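Here's the structure we're looking at; comments come further down.
Chain naming follows the written order as A, B, C, D, E and F, and within any one chain the residues start at number 1.
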């Protein structure tokens, strides 16, 4: 089946991103297609490359980046949610006059339409949050 | 049409399980993940909410919280993430009671 | 032949302002309206508070988005389910909520109520007919 | 020693108010802020939890949620942030039931 | 003359792993131990689950911090209040929790229990004697 | 009185930072001393300069920065929590090999001891969270 996964919370504070990651990984391993992973609300904070988690804990951000690379995943960060919370790529930095970017490898920033498109194009949507 | 209801909150902390079980219809499955797994523990006052429902629970979340399978109420199936994916596929739609 | 139309339901279970979910959910609804799907909104548990009349956020210093609900009709979002049990538990009636309407093009733009007061059992039936449910 | 108990969660969503009221002793004050203010609405099933307690509620949070003061149960005092600060000073310590 | 010693209580009301509060609370306790204050921990509501025996986070892919609780005695954190009503509601007894101990220097390093099982009313009394309560 | 304020949640997702801000402002207006505002858990996300909130909404980060400037407030971000979530100043960038910083004006990154010190030094601690 074709799946869209929605992640509503950031890394570490809630388990939502962990659960979404393991679900996505398991779906891929079973041969399903992940149409898109959409990061909304504080979920956009999964897409910063500036984290340095303790060495004895998992690296939530890198794990998503690596899964994306391995499976050519489409990891989309909602632009409106990202602007409220400070997740920035080159385009956003230029548009909003920011002097730095923090987006991590494998993520891209786009509009909420991408979530609706995911729902329309996929067989199932699974939401992970608080 | 049958639904997969997902509950990730402790029934002692939030009202999610209580509402979710009110929405479970015949043929639906209730999946407990994260702190939601506490609902399935024997002897807890929340476990009565699960009576008569088809309930699955995430094994890795049980283990993390130190809940041995013999502490679960009867009739619960323990799944892994592959089982979670199968449940999503088996049902027509999913509803996450956050 | 028309493209497939899906039934999308936005399930709202949180109070406004204490968290942003209510407002960011509404942002999805507004964007989603452009996709011409079969859309409905459900207000359950504290979600019913989102529709409360008379919200004034001046003192709280937050954006007041409550007027947006009354604009949903213009976005052709006309099916707004409110769960009766949730109102009852909170001591609320429909009179405490905004009166949301839409204009029916097929009946000479007659104004019709958008809010459908339903029991939990009735809403469970509606829910089981949905293709996708969004949860915030 | 008297405490200021602060509750910022809706009593219909979370167990915070329920636990907080169990910890309120004579001389303590319970302050409702953010979504906690819903507990003070007349006619709501949670309002009985407040009986017999000294309760204050944040006015700007009431207004944001469209709760007119005549919808509050009797005996509640409405405060602003200056009043919040005064309560913190008047009590020996504060406990936030998150 | 000794500096003023304050009574600091860490109030823990959340389950472990579903959120990070339990672990980041413990990080404060460990750092705070260096300040030689009069420290106690309270476990109320889902907080009692933090002390559950047999936690194994391998499958969940998270750091297992449950062993840290048994090290609290070495940090001279010896007053750990567990609310009986919270255990009862969850069908738990002290046997389901880790056995936490500390060694009493004044009594030839005799091993003593750190956990004090208390009723809500008893814990309310302890709480009302605190200078500062941290909530996570 | 002397106060320490603790903020456990980030901007926008929860009202906690708003409540903490208005409380802090009111305490200052009444002539009380704010010994420290300590940002813990997701609260560290209040200290990023990369947000661009909608123009018709409040700017949570700038509001803190301005209050700090006006009253010489000590806004402290917990280093351990910041590393997990990706809040970085120059020192952290160098230590952890990060290619960008995102800390906002008026905030500084320091250890958890600063919270305990706040509790010991202050007459009251008030915690805002989820």
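Here is the rule we go by: a residue touches a chain if its C-beta (ideal position, glycine included) is under 8 Å from a C-beta of that chain, and two chains touch if they have at least 3 such contacts.
This one's a predicted model, so the numbers in the text were calculated from it and none came from an experiment.
Annotation of chain B and chain D: jointly contacted by C, E, touch as defined at the top. Counting hops only between chains that touch, chain C reaches chain D in a minimum of 1. Placing every chain at the mean of its C-alpha atoms, the farthest one from chain C is found to be E. Between A-E and B-E, more C-beta contact pairs join the chains of B-E.
Residue numbering at the chain A/chain F interface overlaps substantially, since over half of the positions present are found in both copies. The geometric centre of chain A is 26 Å away from that of chain F, both derived from CA atoms. Averaged C-alpha coordinates put the centre of chain C at 35 Å from the centre of chain F.
Separating the CA-averaged centres of chain D and chain E is a span of 27 Å.
Residue positions of chain E with contacts to 2 or more other chains are 17-20, 45, 60-62, 131-133, 135-136. Across the assembly, chain F contributes residues 8, 12-13, 15, 22, 41, 54, 57, 80, 84, 124-125, 127, 129 that each touch 2 or more other chains. Shared contact sites, meaning residues of chain D that touch two or more other chains, fall at 8, 12-13, 15, 34-35, 60, 80, 93-94, 96, 98.
Chain pairs that touch one another, listed by label: A-B, A-C, A-E, A-F, B-C, B-D, B-E, C-D, C-F, D-E, D-F, E-F. In the complex of the two chains, the chain A residues touching chain F come out as 10-13, 41-42, 45, 48-54, 57, 61, 80, 83-88, 92, 96, 98, 100-102.
Taken together, the chain D residues at the contact with chain F in this complex read 6, 8, 33-35, 60, 80-82, 84-86, 88-89, 93-94, 96, 98.
The touching residues of chain A, counted against chain B in their complex, run 1, 3, 8, 15-16, 19, 22-23, 25-27, 29-30, 32, 124-130.
Those residues of chain C whose C-beta lies close enough to touch chain F in the complex are 17-20, 60-63. Considering their complex, residues 8-10, 12-13, 34-35, 38, 41-45, 47, 59-61, 63-68, 80 of chain D touch chain C.
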